[in-house]
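Next, two complexes with chain A in common: one pairs it with chain B, the other with chain C.
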Partner chain A sequence: MTDATLTPAAAANSRNWSHFALRWTLFTLLGLFALFYLMPLFVMITTSLKSLEEIRTGSLIAFPREVTFDAWRTAWSEACTGIQCEGLRPFFWNSVVIAVPAVAISTMLGAANGYVIAQWRFRGANLIFSLMLFGCFIPFQVVLLPMARMLGLMGLAGSIPGLIFVHVIYGIGFTTLFFRNFYVTIPQDLVKAAKVDGAGFFRIFWSIFLPLSLPIIVVTVIWQFTQIWNDFLFGVSFSQAGTQPVTVALNNIVNSTTGVKEYNVDMAAAIIAALPTLLVYAVAGKYFIRGLTAGSVKG
Partner chain B sequence: MTEWLERHIPKMVLAPSFAAVLVFVYGFIAWTAWVSLTRSRLLPKYEIEGLIQYERLFNAPRWDTAMSNLFVFGTLFILISMFLGLMLAILLDQKIRTEGVLRTIYLYPMALSLIVTGTAWKWIMNPGLGLEAMVRGWGFDSFTFDWVINPDKAIYAVVIAGVWQASGFVMALFLAGLRGVDGEIIKAAQVDGIPTWRIYTAIIIPSMAPIFLSAFIVLAHLAIKSFDLVIALTGGGPGYATDLPATFMYTMAFSRGDIGQAASSAMVMMGVVFAIIVPYLYSELRAKHD
Partner chain C sequence: MAPILDITNLRKNYGATEILKDINVSIEPGDFLVLVGPSGCGKSTLLNCIAGLEPISGGQIEIGGRDMTRVSPKDRDIAMVFQSYALYPTMTVAKNITFGMKVRGADAATQERKLKEVAAQLQIEALLDRRPGQLSGGQRQRVAMGRALVRDPKLFLFDEPLSNLDAKLRVEMRTEIKKLHHNLGATMVYVTHDQIEAMTLATKIVVMKGGVVQQIGTPAEIYNKPANLFVADFMGSPAMNLIPARAQPNGEGTRIEMACGGSAPIVLKDSRATGLPQDVILGVRPEDIAEAGFRAGEGVQEAACLIDMVEPAGADTYVVSNLGGKQVTARLHAETRAQPGQMLDLAFDLSKVSYFSPATGERLN
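== the complex of A and B ==
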């Protein structure tokens, strides 16, 4: 009943107030969630800059009283990963040496496959595409055992070329999917017209399709790089002392049971292992998200 | 000759990849399936003996734990991530000026390795020095938060870290969905004086059913494959309290040297994935033909 007695001005006023309160609640909620997502990163960074003494006496979310980079130095070049005590550095480079060729090869294969499947359709091409796509979804546990034996037979067991090989093989499905879905949007008349002009398969790819492909190449490279850099299952299954990627080394540092637990070193090591993909996300987040949604919605 | 070549080049370009997929995906699945039917232990044997490995598997208490953990983890992980993701998407869709920044913040965990996520949360949830110690320091002496080392609670610790990692991604999916809803219908509803929450529950959310399905598929897939997170956060422990099928399989294959159990558990995992994926792919393909 009170509503009916309100003057129009008062009603507008109360609407303003409720609008204001709603906006305020909205921003508070959004801010709280932002804190929830940022908190672990904040804790990692501050912990990595504290001394062990300060970690034991201080609070989890306190800023460091005295900033020290000792933990970073230890994590990079001294921390023990099992019997080896050379820090993350050699394993960081292992990951680089694994990721760069694996990303390059799987992206090139994906581009060629996607081009064929989208633009040079032949009987059975769709079936082949479905079969390749399906390979993206299998839990990799189902290929671990035979792959370990196969790598042994090929003389690649525990080696970096072996890991590159594995990442290429199980990356093809996704890279093909990305390029196929991109090339399918290009009208087929383009290929027909080029054929009339006498251009062949490779010529058309090279001078028409490749120049159009920059966005999808970026999406694919970012997707593959993130996948391979962050991989742990293949890394831990198919490597040996000395060839492990950075994720495996990080896990070994954190879960080593010998000596004093150096939480600041653990956190510094975790940030080092995360830096490349975080950097990619910061620089090219838009493409990263496109890859994620393309890989899931269209998959 | 050149004409023949020209005609067959596309097939020849595709052939190596297709052959690789045939061998390394389908051939390997067949190998694993075969070995799961033998008495293989440390070395693979190839005489088929029937379902003895599966019998052993389903009688193993550890596998039982792994499967019920997968159920608990999967259910909570999917439900909470979907709920948070949808809520964040709706909140972000209210014409917020800082949307870009907030979206970046909500989504960055997805760029991290699960090993990094596990390491960070293991430290945060460390009972002696992490959140528990912090809250006690504020004067709440009886506050306990020891989930990572408590066998009954450790799986929920994995859920927290998993949700932290994946919910931002679900938010991005839903946000894209919200942007795709027909603006005319919403305007018409607003003109009719339908309250905003009714517009969401009656019009917008039902129209996003396909996105719910995709999000579910992605999350379910992530949950079944979860391996790194458990290894980094709890190592499958305490004991084997947080074992999941993926860690069970790995232990059997590489530390216990029990190839038969590893193969049969991998096949069960694939069965679970297929039970979720195949109907989805089937309906997707049918939808395209209709």
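== the complex of A and C ==
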């Protein structure tokens, strides 16, 4: 009596309602999860904008009564990292000087390795690729001592080139994996056609493969930049005063202060240290997903 | 004339597996050589060896009188069209076509002139600024041809260039390739698994199976005088009827007897065949069996057969009967009186038949 007598319009209406309800439940749940994940960031930002006085008296999740950027200025240029009191600034630049060349070099090497392994099959190519993959899964701690010894022998101990070297070596496994998996989807006939056309190894790489590689370059750059910028262990192990990256300096700001804990400065410093990776995601995030799912090339 | 491509004793192994065994082929300038065979017969590998894209394990390849066995592909004076077209995805059509010249350092004016010539020849002038991704299959095919043509090489190599096209376009492009060959007078080597393509295009066919050359010859030779059972069965559609039969010397010629399903054996007398063993396989093309009275001439013998099936196909009617335990197809005229389940007098043209040894599969006459 009920369903059978429903007019088509009414049936459509009820369908719309259940669709509507489902949608809103979904959005509400997603919204709640998002709020939950944003909570720490919210606390960090509000805390960094409060004065110490207000932090001591107010609530953790309250908005600042009086917005002040003092903590940010202190974190950037005045906070003490041990005996030195120049804030994060010099270390931030250390990180830039380490990350940019390390990302560039490891990406280029990964592209070249991937190209060779995927398109110029040679005896033992699979073995070499497996070994490189294995390199991705070696825990950082295992290589600390041998690497320290190596850097010492090479005269790079405690220097920025030394840190670049370490990050490049550690990154090659991943970058090779990314590029190799991208290049195996490209038909081998392309290389053959280019060979018949007279192009050599590097010409084919430069003129045909690199122009195709933008999506995977974006993925690799984001991945490598995040890894290298956020690295703490190598940074703290292989640096010395003056060459420490921003992550190590952040740790020193937070852990080496005596007396009253300046939570606002700590929070501001943490946000500053995290900004570049956030920025990279914001700018290139959509290419990241696209690049990860990029499939074969239609020729 | 000196051969433009001369392959002697070519061998190719992958580890212990032999892919190509002792290949000997040679072609003259202007020839259209088709390598044909079922998939996995080594025809594409052979083409890659000619191109220099695969190293060979033994033997010699000469192109234009020069030993090219160890020469790299770019110096062999060849151009190649691939099954996947292999167009460079990030380059425009124009750049695709001129890439080879650019790599070889041709000046811009020459590039421009040759590009114009080839584009006009293939009617792709309107596509020059597009990228391969924006083209249809047929257009990509043309661009791939253009990339080969612009090089003006001694030898064109085609690796199944039509197999990614739909049936109609395939027939069109086939005609166009034939025209191109005719107009350019170029020498071409063409790989296909399609025996009709092979028959229509080739001036010379190489039939391959399991890395071994089965027969080399003109399309007519391959069709009329197949060297063995494999070639007989592979070339031609519908395939050649291969009927087990008993042969007995009889006066000048031979008496051929075939079992006939449901009735007395059929006996034919081939006055020209001699020296056949007792057991043979008789190969006869469907078009060499006609309805009695519609085929005359020396060597035509008539016999009554039980018809199992009648398949009208417009221009012809195919009838199926059972001889020597095998289904035998005959191609009759469209208005035949044949009825399934009834006897019909068929005329066998024995001047066109082949005899094969059941043991070795080799041709006997």
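In this section, the second predicted complex is superposed on the first by the 256 of 299 C-alpha atoms of A that agree within 3 Å, B and C clash if a C-alpha of one lies under 4 Å from a C-alpha of the other, contacts with A are read in each partner's own complex, and residues count from 1 in each chain.
The rule we apply is simple: a contact is a pair of C-beta atoms (placed from the backbone, for glycine too) under 8 Å apart; a residue touches a chain by one contact, two chains touch by 3 or more.
Everything quoted here is computed from the prediction, not taken from an experiment.
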item	value
Clash or fit, chain B versus chain C on superposed chain A	fit
Touching partner for A:259 - first (chain B), second (chain C), both, neither	neither
Superposed model, chain A: greater residue contact from chain B or chain C	B
Partner chain(s) touched by A:278 [first = chain B, second = chain C, both, neither]	first
Which superposed partner A:135 touches (first chain B, second chain C, both, neither)	first
Contacts of A:155 with chain B and chain C, given as first, second, both or neither	neither
First, second, both or neither for A:212, with chain B first and chain C second	second
Contacts of A:144 with chain B and chain C, given as first, second, both or neither	first
Distance of closest approach, chain C and chain B, by C-alpha atoms in Å	7
Those residues of chain A which chain B touches in one complex and chain C touches in the other	200, 297
Residue ranges of chain A in contact with chain B within the complex	26-27, 29-30, 33-34, 36-41, 43-44, 47, 55-56, 59-61, 109, 112-113, 115-117, 120, 122, 125, 128, 130-132, 134-135, 137-150, 169-170, 172-173, 176, 200-202, 226, 229-230, 232-233, 236-237, 247, 250-251, 254-255, 263, 266-267, 269-271, 273-274, 277-278, 280-281, 285, 288-289, 292-293, 296-297
Touch list for chain B against partner chain A, complex	6, 9-11, 13-14, 16-18, 20-22, 24-29, 31-32, 35, 44, 88, 91-92, 94, 96, 102, 104-117, 119-124, 126, 129-131, 133-134, 137, 164, 168-169, 172-173, 176, 211, 214-215, 217-218, 221, 224-225, 227-228, 231-232, 235, 245-246, 249-250, 253-254, 259, 262-263, 265-267, 269-270, 273, 277, 281, 285
Complex contacts: residues of chain A adjacent to chain C	187, 189-190, 192-200, 203, 207-208, 211-212, 297-299
Residue ranges of chain C in contact with chain A within the complex	48, 51, 53, 72-74, 78-80, 82-91, 99-100, 103-104, 132-133, 140, 147, 151
